[in-house]
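You will see chain A twice below: alongside chain B first, and alongside chain C after that.
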Partner chain A sequence: MTSLLPQTRPTRPQTGDNGEYTNRPLSPLKKRARRIDRILTYVPLALFLIFTLVPFYWMLLFAFRPSGSTSLVPWPITFEHFETVWNGSGFGIYFKNSLFVAVMSLLTSTVIALLGGYALARFKFRGKTLFLVAMLCTQFVPGAMMLIPLFEIFNAVGLTDSLWSLIISDTVFHLPLSLVLMSGFIRNVPVELEEAAWVDGCTRIQGFRLVVLPLLKPGIVAVGSFAFISAWNNFLFAIMFISSQDQFTVPVGLSYLLGEFGADFGALAAGGVIAIIPVVLLFAYVQKFLVQGLSAGAVKG
Partner chain B sequence: MSVITPERPAQSKQRKPKAKLRRFYPYFLIGPAAVLTLVFLVYPVGSVFYYSLQHSNVTQPWNDGFAGLDNFIAMGSDPLFWRSLTFTLQWVAVEVGLQFIFGLALALLINKTFIGRAVARSLVFSPWAVSGILTTTIWILIYNPSTGIGRYLADIGIGEYGFSLLSGSGTTFWAVVLAEMWKGIPFFAILILADLQSVSLELYESADVDGASTLRKFLSITWPHIRQAVIIATLLRAVWEFNNVDLLYTLTGGGPAGATTTLPLYVAQTAIHDRDFGYGSALTVVAFMILTFFSLVYLRITKSKEDDK
Partner chain C sequence: MMRKNKGPSLKRNRRGGTLVGVAAIITAALGLGACGTGTDSSGAEGGDVVLELWDTDTRPERTENLKKLISMFEEKNPSIKVNYLGLPTDSYMQKISTAIATKATPDIITPKASDISALVAQKALAPLDEKFEGGGWDAKVSPAMTKSSKAASPDGKLYLTPATSLADVIYYRSDFFKNAGLSAPTSWDDFYAVADKLTDKSTGKFGYTLRGGNGFFSQFVQMVYPQAGVDTFFREDGTSTLNDPAVVAAAEDYVDLYGKDTAESDLTADFKTMVAQFGSGGAAMLSHSIGSYPTHVAALGADKVAAVAPFPSKSGKSVLSGRMTTGFAMFETSKHKEAAWKFLEYTMSVEGNSFWAQKSGYLPGNLEVAKESWVTENPAMQTSIKALENKDAVVLEQPFYLPEFNSITTTEMLPEWQRVLQKQLSVKDFLTQSAEKLTKAQQKYMKK
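== the complex of A and B ==
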């Protein structure tokens, strides 16, 4: 056993931040170069962090400090603004509606993207290019302009003022990204694994379920979360298709708070905090899958 | 095993019809996506093209009918169209330019090895997940003259009290640009970082052995590797900044006095507020053609450069 120890050492060389070996003394010149490099990393990074985090802090500050206070720390802490928006402005209901829309969009997007993504990744078929080009072209049309034709369609099928109109339009508008991401993930699963399963007597569906699906977990998490986030965030469709207040979503509620004359900043900030919590928590969790998914070849198409 | 073995003889018996069926597999799989796209994307886009050739104004019901190119001709003498188009180009150029510079810098920075990198990544990327309307909420709180950041800066002697960045004539544009950058830089950086991570570290090591400078390494190794991703990222950002209305609509409402109205925002005002759907559709078709033309030219230019090498 003891003889194994020295052997494991060379596989884990100690490296500095430039990737160079540090087990020998550095010349003063190199030391200086490294210090400069470190400053060049941490100073811009700190600036980026300030630029990113101060706006978040500013919202938290307004949400948790009493109205009229000008203190730069939210102390004494108060929950009065949350009380106001959750019960008074109806954010309790909006939150529930938003959650329903986002979860349903997540489910429909994931299932449709799994099916379509598999077809794009594993089959050559007529009309594939046409399908991809059509998807790409629709991205060039401003969403604002799609509102009226979409409204007419939902009107014809009796879905106006229904949360289902939001679920459908969110799913559809997010579909190109979901499909491209998912087919990238599926392409990364070696086709040989599936072929081996077929040789062993699995049908295509069994092969997919038993071999591909378990390996697709990061892809499913990524696609599902993006569908959730984009549905949760959607404002344009929600404000156009929904008219009764008990069907409002969180972004619509926020826009009404913004539109009030002489807006109550405390309530506005509390509404913002309610709107942000689910997405930021989810995003912190899926962020590494996002980068992974894009390097899976989605960017290169 | 017990499930699979009895199926085998059945499978070979049915091979012929199954092989025929197999040709339709991809269509079954793509079916739901295709139907949804057709009904809720392609059809609406088609109807926009159709209405662009029609007079269709809810406030003028007597005036409906085929318009030919009237709507397009009317654009030539519409000062609001030209102003919104100019502003859109300015907006896209400034936003994409700045997001490119800072997004690339952020991606290079966050790709280095340092303590707390994972946490730093989550933090600097988080505005990406924030909606347009929430971005507006946050920046309204920052820019408001009575309790915004301006007031505290005035306390320590920078700027003046009661100054509203969002209604000052020269400051509105940059105030909105900053708010949009807050959300856009992380998006750009994520797209680039995905590619940066696949650069082989051995290349940098051998460059170090040769004594290459940091700039030299960037130009000879990093840049050629991420060039394609940068091209796609800038194109995606340009289309997105061109089309997106959430932030401008809620933060400035296109004002003051129409100064921050982009073409899609003008489309929304024409079609939804003024109810002139024919003219709004024609404006959309023009926006569509500009984006398509720009994308094709952009991809052609960047591609031919690659072929020269």
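== the complex of A and C ==
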């Protein structure tokens, strides 16, 4: 956005033969039009920002100011709520569990999506369209409907009360989207690149690893971060499949802070801050890949 | 061509290396997580019998208290171990339903009185009458609470131990009253007058906070029925008293508070909003159960919160609302019923009951415990117990035994109630149509 500024506000006016294409001082009329343009851009943006940021500010405010205070700035700053939540409510354990589940789901989702996506993009096999439609259809089934059958299955294989039940169910529920996304990314890598690698003596696996995989970074980041976030935020499976306190995850821990007869807003906000930290950090790191990833192939035929 | 291609491919190879590096870091983080979870799963076996207890109202302080209660019990009964599991208060029922469907229920649970009829309908809970009377608990525990506990079940049996109980009170900011030179209200007229006096819209201070959102019905009953002097939900023939002229008149007074002596935003206020408003000084009075007393004291300090019981009606009749038993229940599928009953007994015994009721801010069920100083010195509790001492006082039992009661008073009535507050529907029409629904449910129940 900042790179546009020199163009809109020329510092060294020049007059050329063809005046229309050079930087000249703008006529007052044009200046006004630009100003209106800018107002029309920034005012809605600012309004939108207020809507997005106020809840965050509310959360930070309640998390950092002492209970009972009604000030609008979190000063004097206090960490008592974090202390309560981390030690008193056991967020330390929940955080570790959530991290384990989310990272494992990310790994399994990405690996399976890479393998499956490659097959969908590069191979022709019988029933491929049917398979894709079936994948799409599974997205229509809400997770809540699967609870009892899933519970029975996990019970039969002895996986209830284990974090692995969450990893498996999160991966499975996320897989259709990951597969479709990933196969799209792979299809965008020209097959000729791979063929060139084969001509150079690579096997198919080597060709995939050395040529295709490095080009898939945006795809891997997009699929992986979606998998991470959906596993990190999953409340329903965590509450249903886990039946011991020290195996619960952060979303369940957060819901503890809302009782029937009482709500400690400070602790709730501190818990919220803890819960969003990994997601914010992740996005801060991956956002450049994500933008690449989402727009990749947009202009290619 | 070939050579040209090699360059970028080598470069990409290096990028592949960083990818592998990232994967290695992730795997390392994973190992850390795996170690943590691996050690947690062991060490459950201590005694001979292991009981599973699921709590349905998990909050940090309550969890701590319940765990202490469990360890006190385990000390007395070294052969029994109780595993605690806290479930979130807004989604526990789904977990329990799945557990019932998959036969994976725990031994003990802390259901709400309003859950009993749904659980009994699924034959999930074990009746406790025999054990209760056999142990002589009917003489040691408050008869009013036992009665109310039985009244919550569709077949009149005892499923929920009458360990503790809630009662409705009106909380008020004693500091506001003092500053304004007002004394605590003693009648309904007084209450409305005070609410008006303490309202100052220009500073955003209101006399009362009215529950317009989720869970509005309990506040509505608490304020309207005692004022109307109506002590039952249904008449003999099963028709609802909601459209009784006295109830309608009282409800009109109550609805008039909205917008006049309450914030406009109360239209959607649920419990959390009300507490936040009371705690921040936005409202001088709040109706709720004694269970929230510790929350108010934590937010404001004991010197700024006081409580009065809902007042007698104009005809002098004293109706007590919100006497909801909160106790423990046992699952029918429990394999250790004897051990589970021992725990249930402990929560009614002097030691267990005194600890649990005091820490949770509930009225104790055990008659000995009710005489202890922490009960007599708590203003909200004193108000509730004194109200019960009045011989003419009648406890208003809510029909939790009706399977439809919850859905009628929550999902069905809530949008209509909000229309009433917005003056789009008259109080009378609202109560007449709601009464019809409740009458239908009650008459269906009576036919069985």
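One rule holds in what follows: the second predicted complex is superposed on the first by the 263 of 301 C-alpha atoms of A that agree within 3 Å, B and C clash if a C-alpha of one lies under 4 Å from a C-alpha of the other, contacts with A are read in each partner's own complex, and residues count from 1 in each chain.
By definition in this document, a contact is a pair of C-beta atoms (placed from the backbone, for glycine too) under 8 Å apart; a residue touches a chain by one contact, two chains touch by 3 or more.
A quick note: this is a predicted structure, and the numbers were derived from the prediction, not measured.
Annotation: superposed three-chain arrangement on chain A; chain B versus chain C shows a clash.
Comparing chain C and chain B on the residues of chain A they touch gives the larger count to B.
Of the two partner chains placed by superposition, only chain B is touched by A:56; chain C is not. With both structures placed on the common chain, the touch criterion links A:200 to chain B and to chain C.
Touch criterion met: A:271 reaches chain B, while chain C stays clear of it. Look at A:258: by the touch rule set out above, it reaches both chain B and chain C.
In the superposition on chain A, A:145 makes contact with chain B only, while chain C stays out of contact range.
By the touch criterion defined above, A:137 lies against chain B but remains apart from chain C after alignment on the C-alpha atoms of chain A. In the superposition on chain A, A:215 contacts chain C only, with no contact to chain B.
In the superposition on chain A, contact of A:182 is made with neither chain B nor chain C. Here chain B runs into chain C after the superposition, and of 22-30, 166-174, 238-246 or 292-300 the stretch doing so is 166-174.
Overlap of the chain B and chain C interfaces on chain A: residues 70, 144, 147-148, 200, 235, 240, 255, 257-258, 263, 265.
On the chain B side of its complex with chain A, the touching residues are 4-5, 7-8, 11, 25-27, 29-34, 36-37, 39-45, 47-48, 105-106, 109-110, 112-114, 118, 120-134, 136-142, 144, 147, 149, 151-152, 182, 186, 190-191, 193-195, 197-198, 201, 204-205, 208, 228-229, 232-233, 239, 243, 245-246, 250, 263-265, 267-268, 271-272, 277, 280-281, 284, 287-288, 291-292, 295. On the chain A side of its complex with chain C, the touching residues are 67-68, 70, 84, 88-89, 93, 96-97, 99-100, 103-104, 106-107, 144, 147-148, 151-152, 155, 160, 162-163, 196-197, 200, 209-211, 213-215, 217, 220, 235, 239-240, 243-247, 252, 255-265, 267.
Chain A meets chain B in the complex at residues 17-20, 41-42, 44-45, 48-49, 51-53, 55-56, 58-59, 62, 70, 72, 111-113, 115-116, 118-120, 123, 125, 128, 131, 134-135, 137-150, 153, 168-169, 171-173, 175, 179, 200-204, 206, 229, 232-236, 240, 251, 254-255, 257-258, 263, 265, 268-269, 271-272, 275-276, 279-280, 282-284, 287-288, 290-295, 299-301.
Listed in rising order, the residues of chain C touching chain A in the complex are 2, 5-6, 9, 12-13, 15-16, 19, 23, 26-27, 29-30, 32-34, 36-37, 40-41, 44, 52, 57-64, 83-91, 94-95, 98, 101-102, 104, 106, 112, 271-272, 275-276, 279-281, 288-289, 291-292, 294-295, 298-300.
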